[in-house]
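These notes concern the structure reproduced below.
Order of writing sets the labels: A, B, C and D. Residues in every chain begin at 1.
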Amino acid sequence: MSVGKIFKFHDDLDTDQIIASQYLLLPTIDEMKVHTFESLEPEFPKEVRPGDFVVGGENFGCGSSREQAPRVLKALGVQAVVAKSFARIFYRNAINIGLPVIVCKELPDAVDSGDEMDLSLTEGTAAAKGHTYPCTKLPPYMQRILNQGGLIASLNKEEV
Amino acid sequence: MGQTIIEKIISRNTGKPCVAPGDIVTVSADRVMLDDIMIPFIVDKFQEMGFDRVWDPDKVVLIYDHLVPPSQLDDIRHYKAGDEFAKKYGIRHIHRSDGICHQLMTEAGYVKPGDVVFGTDSHTTTYGCVGACSTGIGYTEMASILGTGSLWVKVPETIKIIIEGTLKEDVMSKDIILRIIGDLGADGATYKSLEFCGSTVEAMSISSRMTMANMAIEAGAKCALFTPDEKTARYCQTELNPFQKSLSGDADAVYCRTLTYRAEEFVRVMACPSQVDKICEVSRLEGTVIDQVFIGSCTNGRLEDLKMAAKVLEGKKVSPYVKLIVTPASRKVYEEAMACGALKTLASAGAIITHPGCGLCCGRTGGILCDGERVVATNNRNFLGRMGTSKVEIYLASPATAAACAAAGKIV
Amino acid sequence: MGMTIAEKIIALAAGADKVKAGDIHTVTLDRMMSNDGTTHLTVDMYHNQLKHPRIADPKKMVFIVDHNVPSDSPKTAASQKKMRDFAREHDIDFWEGQGVCHQIMMEHYVCPGELIFGADSHTCTYGALGAFGTGVGCTDLLYGMVTGTSWVLVPETVKFHLTGKLPQGVYPRDLMLTIIGTIGASGANYQVMEFCGDGVQTLSVNDRMVLCNLAVEAGAKTAVFEADEIALAWLEERGRKPKAVFKSDEDAVYAGEYTFDLSKIQPVAAKPDFVDHVVPAKEVCGVKIDEAFLGSCNNGRIDELRVGAAIVKDRRVSDHVRFLVVPASNEVYLQAMEEGLIDIFMKSGAIIMNPNCSVCWGSCQGVIGEHEVLISTGTRNFKGRAGHPSSKVYLASAATVAASAVRGEICTADML
Amino acid sequence: MEQFTGKVWVLGDDIDTDIIIPTEYLALKTIDHMKQYGFSPLRPELAAMIKKGDIIVAGRNFGCGSSREQAPEVIKALGIRCIIAKSFARIFFRNSINNGLLLMEQPDLYDDIKEGQEITVTVNQDISYQGKSYKVSSLPDNLVEIIHAGGLVKAMRKRNGLD
């Protein structure tokens, strides 16, 4: 993990905002990803760089079960999503596809879009603006899936 | 010298004793039809031309059908443009979700036998089913008619088509018109008027005649006319006046061409991809696997079409992995097809029944297909890319044939 | 220490005597549902990412094309074709254009006691029959399809004690929106909402589906009712038998408990752009609308069509409103036709579309334009969900939606 | 006599209006938004290759199909100077004249021409291609009037005393 730029979003950020319905049936994630955050931050797909972070408030990723939501973020190179809390399906989907989702209660209120952040998954900390904030650690079961690169990668590994 | 139907209508409209093919005359419009796809363009041109009033708002009918229900954000702009225009110029005849324009124009009583009518859609030829001279024009010309009430036309030559005898049970008027288009070619009637007569035509319902008048444009025709009769009078809820009664071709009228058919010789046919005049007997296409069937459109979305489809599908199911999409031509057709049980039969067979409108026929939404898919459809055009990509194969057929194909999952 | 219904279902699926909240278990899935929102991605992963592509049991799989029917573009058609071809090749039950996936599942598959994954967030609907249905992404779905199993974190259960009976003119949708408004959009995150109490007896399976369906809008993993006599009679009519019928134990552990007196519930609306922005419907009366939608897996069943039809009967939909009526399934459509409801809607000027997700999913059919306002019986009112980012969606009951369609602005049925 | 020279794009028989501009693009805001999709079902690359002043030569029944006036407008917006075909469909013919897009019927040129070659057109007289002359007939007077006015809109503006 390394330092990246923050893109910050509001509480109850729903999956329709991450990727709207009309793009979900496009053939590939690559065709969808240019529409990420289209109605909120249309420039996001152009501005985000590999290693950058998405930071949210409470209930990040609420709404539909569309796995396209974490996948477009991952395809754009988002290193991790840090939020005060996550909606259940988004959280599970993100882990399944190997996108780290980090619960951190304090950091979201202390940062703004454009700030830099450093995340240490092993230490379970996020650092920004000179402060280091503790993050909630993933349960080992989920950490293992994440470490293996996602659920399908773990399935393929188990079958060696 | 005698006159053809179109010559009689134009003579009467222009107040001349007679007109001859090739004459260029200015006619007054008895009615005009504006559809939702074209309305913003019409409004722009109308304003650009500098008109400050519509010549006769009661003669104007505005119909939303291609974009109902809306499927893209821009569609809403078209409704708004239409609503604003209607409000500003006092247009009262508006249909926002009642069905396809060409169905509504005669069904709702806007067009009577002998009328001269223009519409911003090529299938405006449909109203020839009640003996009206009707034809499609572009939006610039529509804007000028809205301002002036008139339009120049060249009096067309007429091709007479005589059909005598009784059709076989599984043959519909769609099979007839497809065969005629095949014989004439896609440009065989360009700038000409078609005139249908003979015992077969006399025995036909107005719906069947509509199918034929509707598709005349696919042979390039300017219009296609049937002699108004008692059925026409009933359908139009009117009594025919002497002029309307006179609308048949005179014995000594001059025709540029006459085609004669025996009804018994017609068989079920299809127009094969991707030309409307590429006609083939169904028997020669049998076994071709299909992905989708569409029954609807201003060509074949009427009650008799839905009843025929229901008769074929009674007690059957649509073949697995095949979609049958049924789009009634109008709200009235929908209600009648519901009342007689046709919709129930179709829905029980697994058909997808949508709200009346142009649906898939105009290629905006309503069952768009992808590369490698094949569709049998009852509408009027099988042009390249009309219902999806250019690698979609479209076969045009009658509702009876289309329904049979839906049950079989292949052309039968 | 006892177990809740949800815990018992998970225990059965995990082959464990006992499970408790917070445990992670591997479970055998009873059934999996996937729709055209994501199946094309699942199929791609199946072909491109698996070392040993296989399907544990095709009979447990159901594929349903419902989101974008009839298709609106070649790309949509291609994604659906991919799904159709896969179903055909692997002998997977396949439905297309026959209704919204959750309605099809309830009509034809779901049984009490089953643990069901659906690649759609509203899979929680199945709790109406005492099943554990939950929404997952397509990777989870793929894993389940390949192995027949999955992992679940046993959720806590929150008890919703319902008492009394809803007043005339107030509907289960008002009740559920009120509950979500009370507990918030993440008020039950990762939890199970269990409905119980004497009020439950007044609710039909249809009503219970309305409640369970929206549980995900409070963040819940699922919602569940005990499969009582009402549920079992409904099931029997359809010729199905339960897998298992569970009651929560007296000493089961709940993470929280709420009580709602049904007789106190009033017509409500959820204001844009969040499902938990719930206010009394009277507070939003007068808002001019451009479109009204009666349909969806939440509120497109025969009960709601009856309510809507009774209101628009002998009335005309406002000239400036597009009123979309979309039955939740072909079965619902046929019944509504039989009862004369479709005729009433047609005569009122409504637009009646084929059973599908329609504008609730918001990508094509019935899309709303710039600054337009939709009042909907759909599941969500997120920003731009139904069309242009500047458009607004209000959620309300079928009665309020139908009345508003007639009036041209938001109003409750008693105001007509 | 008006005369011009241009490079030729050759299209076939029955070029329909759905090929010229497919229905899915008809509700785009302006002709400029639409024109990139001109001829896309048949030759998706064509629209980008057409240069101002180019000429289309085609076979029979050019412009058959729907009454969409976007068809001649798109062709005009792409920069096409004129279309020479064996024959034209009726509505397309009217729409083109009304928009000031020049059309000529010529029965033989299509059979001889190769794409990419240049031809010289003398309006109302003939077309010259590789030293050979192909006759064209002149338009009826009422259409000449519309073209001289610069299209129907301009003719109406004149009528309404605006220009």
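In the analysis below, a contact is a pair of C-beta atoms (placed from the backbone, for glycine too) under 8 Å apart; a residue touches a chain by one contact, two chains touch by 3 or more.
Owing to the predicted nature of the structure, the values given are computational and were not obtained by experimental measurement.
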item	value
Interchain centroid distance [CA atoms averaged], subunit B/subunit D, Å	27
Between subunit A and subunit D, centroid-to-centroid distance (C-alpha), Å	53
Two or more partner chains touched - positions in subunit A	none
Where subunit D touches two or more other chains at once, by residue number	24
Residues of subunit B engaged with two or more neighbouring chains	72, 75, 77, 364, 389
Pairwise touch network: line, ring, star, complete, or other	line
Each pair of chains that touches, named by its two labels	A-C, B-C, B-D
Complex interface listing, subunit D residues touching subunit B	14, 16, 18-19, 22-24, 26-29, 40-42, 60-61, 64-70, 72, 87-91, 94-95, 98-99, 140, 142, 151-153, 156-157, 159-162
Subunit B to subunit C touching residues, read off their complex	68-73, 75-77, 80, 83, 96-97, 291, 320-321, 323, 325, 331, 334-335, 338-339, 343-344, 347-348, 350, 352-355, 359-360, 364-373, 388-389, 392
Contacting residues of subunit B [partner subunit D, same complex]	24, 37-38, 41, 45, 48-51, 66-67, 72, 74-75, 77-78, 119-122, 124, 135-141, 143-144, 147-148, 152, 154, 186-187, 190-191, 218, 220, 222, 275, 362-364, 381, 383-386, 389-390
Complex contacts: residues of subunit A adjacent to subunit C	12, 14, 16-17, 20-29, 38-40, 58-59, 62-68, 70-71, 85, 87-89, 92-93, 96-97, 139, 141, 150-152, 155-156, 159
Parts of subunit C lying in touch with subunit B, wherever the complex brings them together	69-78, 81, 84, 87-88, 94, 96-98, 319-320, 322, 324, 330, 333-334, 337-338, 342-343, 346-347, 349, 351-354, 364-370, 372, 387-388
